[in-house]
Amino acid sequence: MRIDGRRLDQARQTRIQPGILATAEGSALIESGNTKIICAATVDDKVPGFLRGTGRGWVTAEYGMLPRSTNTRKAREGLRGRPSGRTSEIQRLIGRSLRAAVDLERLGERTIIVDCDVLQADGGTRTASITGGWVALAIAIQQLVPYEAIRTTAIRRYVAAISVGIVDGTTMLDLCYEEDSRAGVDMNVVMTSEGEFVEVQATAEGQTYTKGQLDAQLQLAQSGIESLIAAQRKLVDFS
Amino acid sequence: MRIDGRRLDQARQTRIQPGILATAEGSALIESGNTKIICAATVDDKVPGFLRGTGRGWVTAEYGMLPRSTNTRKAREGLRGRPSGRTSEIQRLIGRSLRAAVDLERLGERTIIVDCDVLQADGGTRTASITGGWVALAIAIQQLVPYEAIRTTAIRRYVAAISVGIVDGTTMLDLCYEEDSRAGVDMNVVMTSEGEFVEVQATAEGQTYTKGQLDAQLQLAQSGIESLIAAQRKLVDFS
Amino acid sequence: MRIDGRRLDQARQTRIQPGILATAEGSALIESGNTKIICAATVDDKVPGFLRGTGRGWVTAEYGMLPRSTNTRKAREGLRGRPSGRTSEIQRLIGRSLRAAVDLERLGERTIIVDCDVLQADGGTRTASITGGWVALAIAIQQLVPYEAIRTTAIRRYVAAISVGIVDGTTMLDLCYEEDSRAGVDMNVVMTSEGEFVEVQATAEGQTYTKGQLDAQLQLAQSGIESLIAAQRKLVDFS
Amino acid sequence: MRIDGRRLDQARQTRIQPGILATAEGSALIESGNTKIICAATVDDKVPGFLRGTGRGWVTAEYGMLPRSTNTRKAREGLRGRPSGRTSEIQRLIGRSLRAAVDLERLGERTIIVDCDVLQADGGTRTASITGGWVALAIAIQQLVPYEAIRTTAIRRYVAAISVGIVDGTTMLDLCYEEDSRAGVDMNVVMTSEGEFVEVQATAEGQTYTKGQLDAQLQLAQSGIESLIAAQRKLVDFS
Amino acid sequence: MRIDGRRLDQARQTRIQPGILATAEGSALIESGNTKIICAATVDDKVPGFLRGTGRGWVTAEYGMLPRSTNTRKAREGLRGRPSGRTSEIQRLIGRSLRAAVDLERLGERTIIVDCDVLQADGGTRTASITGGWVALAIAIQQLVPYEAIRTTAIRRYVAAISVGIVDGTTMLDLCYEEDSRAGVDMNVVMTSEGEFVEVQATAEGQTYTKGQLDAQLQLAQSGIESLIAAQRKLVDFS
Amino acid sequence: MRIDGRRLDQARQTRIQPGILATAEGSALIESGNTKIICAATVDDKVPGFLRGTGRGWVTAEYGMLPRSTNTRKAREGLRGRPSGRTSEIQRLIGRSLRAAVDLERLGERTIIVDCDVLQADGGTRTASITGGWVALAIAIQQLVPYEAIRTTAIRRYVAAISVGIVDGTTMLDLCYEEDSRAGVDMNVVMTSEGEFVEVQATAEGQTYTKGQLDAQLQLAQSGIESLIAAQRKLVDFS
């Protein structure tokens, strides 16, 4: 039995509220247990230098935590210059994962920036940012079509993510903060609606893990991600 | 008739939802028209250097806007070092205003930091931060009493704020963004439940104003602030 | 009786020495009691992005203090990145105030930057920067005319500023540093030669103030500003 | 056949020259094909705040590239503030990987900093930094023993790393720069002398991958890492 | 004949006005032709880390230019982080030169910071900063004696500096800005009242120079420095 | 007798290995005693703003130290923003010195950047950077000729540098770190193959020096530089 009463293979309750911001082209509030994140997608008509003139688009992400999203206040990054290593690592992961959902040719020379801002954090913020960010991204892209900014939708698949870990020797799905802080292996998995992987990151601290343990974790992750994609499907239908 | 159908002396509908964050000692979501701000109060056992050993406490504030709180995305301040001049000016105003609500002796040597993060912006974010920030602050201070961290509450009065302005020659209360961007005079007023002023800032750009116009604006502000304090009273009773 | 023997409604002796720098298009040394500030105006042929192609000009200001302008040495801001909140707030105030003196259409697409550098500080540096900065600005604009860079002068009025405050319950004009550091209410007023306001900022710290006290302070400020404008008139005649 | 004539399962020639710097407690020059990295280990008697008083030590890493380690000159990070996201991500990976090699209790309250500076880069710099960094780290720790700074060696296992990838649909071991820049899946694997994993990072860009492809890559990585550990064994014997 | 009518071996008129700032422990305004610099000395009771507990003091300097000290406005360094290379080089030179004037043992564990702020620049600002900075420094040290903060004065000699250069093949003393910008060799010499050198810096750009040219320049510099020390002697007598 | 057994007028053994990096247009590893520096020259087709359109080129330098190039680890400058004052001073010196070796007209509108990165430091790193940097620069320029990027070589002379100093009252050539840290006068001399000076910097700390001592040092420097230029001549023949 886990700290919050869940089974080892049970993910937390996830709710996604699309269109939470009147100001953004696409947005969603994702709540996964006590983790709450606002995702907002912006369509920008510029692309990074290496794509100029290629006709191809780009998807990128930014990630932030409100100072009191955590039990102990964290200083605002704004007061310390460049994003920290952790923030930068998360931003790059979210961006890469969401690009896997999009046909960048069909998107045309525009960039979609997905901002993921954590209102309340209880573990799994990077994976929830991917799952919720996909919804904001998809809404922003869908709304480009009717206005004929793009001919057909540039979305090509669903992408969602979840964490798995080994805590005190036991493999479990979707760690909350307290589990995560005691985990010896922490794994983030990003998958598509076709059942393929976009990213696998399995990090040990204070222990190591075998191939068997890696496989067991991947299997748990896959079942969790299937549920999340089912939830996305109810909100956005792009076929 | 105003752009959103209000009378000249009519403030926007304001809702304050206390305790919005499970992670903070005090918190509130304030919505004033389309402006939405999360206020979170943190109790810190340290004080700034000039207060060490005096037995007195301090109240300070930080202010931020989510990148997509506005119709056009704003770059995260985190990527550009120190807070901008505008942010810094707003933070100092909120901090000063909230200090007027507190008996710093009675608070004891601790600092309360009030974070005001704008989820959606439609004018009046600095004044709504003061009004909502007061609620987060008051909750955080109230909860110090039962645990005997302080003997009696250190709150001594309600403090709220509202904007007034002259738009196309007409004086009006509680400007929304579109009115604010066309205003020739922009005024922020902070008052207490005793009907006294904490701060008056009346700024002209592109015109100037007479003493009569100043007085008319102050009168509108006073009536608006009285309603806001009535709302605060329903949420927090510290007598 | 005040600390330096002045009456409550008496401003400090102010001397303005125009043309103090051979290197700048316009300049002035303003001395107000022991406060000494060099103001220098630069004519720049560029305008900020939002004005490009509009035919309109801009006036902006920068403010700095020499490290030993104060009794205790202050670290050079240059060593700590962006200007501090206080500096930034003052710069914005000076810029707004001086823009009220100028017909930006007539100025044409050029920016005038007014640098105010405090050699010695004894209170009232932001208001003296406005009063002295106006002289530097006006000289720089006047010298544009004969060379036909602009057809007629773009100056449309005199603008000056002074501080007022409540110290130990007493309202007084033009606070020196020692009075300012004990003031419960600190007010800066910027007015034009037509007797209208450009800016009123009345800030309480450790007390609050009534409408009657606000009015009394404004009246003192007005008489002080009239004298300062009389001094400006002797130095620059633009009619 | 690969661009440099290697078989798909063939790693590049790796040479490790221990003790390359007279100035550092431990050091090594690792050359893997045309990739050349100087690794230097520093023993510092301080530990990060969260370890103070626990009796436990820490291992951390920094990573840099000389401006002309690449065919096109890269600006020195020193001129742009904080390390970039990529640098920070690599530093964290090297640090985590090397900590898995050390018994932090036995190390005692000291930090070992491993600097990895790339003289010449041709792909695989992060994995070579781990493999070479292990040698510098082990030498620095071994030399603590005779002087009785620690009772017995704090090294508990060998740790090495290698990259694998899918290039144009083909899985191959130890990518050089040209292969890496065309890879659709890029994977870094860190393993111990006991055949367990410390870190698996498999990143897709522009494609996705199946479980079967993941497994094939892991198998290639394992054989490559075994050879690298054999090389480390010849240089440092800690049993 | 030179651009401003001087002979080749003729320095510019130099005036030093001691005690220019009421706020600083020692100060002077030095004017050398059109170059005008405020020098202010601060006595600080702390010393840099490497001197703590040694009983020895330190002298350091900072250097700045007002934005309109030059004919073309220079951006404030404050807006761009760390001091520039040029500023830093000048600060180190002034600091080293002034330390040669002081018996650091006798000064005791205190630091004297000499701020040199250029109001108007016309060449030779670093050498004038040394000559004027010496006066500010000496006044600050002299005033420590009567209050018995130190037993006898810690000043042990006069130190002054001047520039020399080769302009269009001709060697000349004390270059003004226009000469300096055309100089092929630019030399700064710092000497003591005993006729010895503290610093010689002779820099060629676009040409080189012979030993004979070096000697000729040093001789000119020596005669110029003797006059400056004579001026210092009239202002401060420390014997 | 000196600490490492050398005569007072004896320079350390210097070896220069050209072409050390496969990635750079020109490169060299210079070893002078225990000082080891990698110099790499980059040909860039841009020039600084003040040279655009003039047809003239530029040579500039950057200098860095690996964290463990010294016996005590130095923090990476990359983590602290702009280069330090010392680094910036050295970079400017190397750049100026190398420009004296080149005909900038003949070079055409391109910049050569010479990166000098210290692998191991034992005194004299700035002078060794000049001597070794010249080799990297010359190789990069020579290779421009055959490809007809420039018609004839733009190199016009050899340039090398060495340090001299007064240690405990004794003048000696080419100080190692331990001598340098005890030196009362520290001098860096840069000369050409024609026996003329590019730069002389003689700095006293804790003592002063006479004209006679200056001359003695210059003579030692000249003999040391002649040997270094003889070594350069063997590696690069540009006549």
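Order of writing sets the labels: A, B, C, D, E and F. Residues in every chain begin at 1.
What we mean here is this: a contact is a pair of C-beta atoms (placed from the backbone, for glycine too) under 8 Å apart; a residue touches a chain by one contact, two chains touch by 3 or more.
What you see is a predicted model; the values in this text were computed from it and never measured.
Any chain that touches chain C and also touches chain F is listed here: E. The minimum number of touch steps linking chain A to chain F comes to 2. Common neighbours of chain E and chain F (chains touching each): not present.
Equivalent interface to E-F within the set A-D, C-E or A-B: A-D (over half of contact pairs identical by residue number).
With angles rounded to a multiple of 5, the C-alpha fit of chain A against chain E returns 180 degrees of rotation. Per-chain Cα centroids separate chain C from chain D by 60 Å.
Our note on geometry: chain A versus chain C, Cα centroid distance of 51 Å, whole angstroms. Between chain D and chain F, the centres computed from C-alpha atoms are 33 Å apart. Multi-chain contact residues of chain B (touching two or more other chains): 81-83.
Traced around the ring of touching chains, beginning at chain D and stepping first to chain F, the chains run D, F, E, C, B, A. Residues 21-24, 27, 34, 38, 40, 42, 44, 62, 64, 66-71, 73, 76-83, 113, 115, 117, 119-121 of chain F touch chain D in their complex. Within the complex formed with chain D, the chain A residues making contact are 81-85, 88-89, 91-92, 96, 99-100, 192, 194, 196-205, 208-211, 214, 218.
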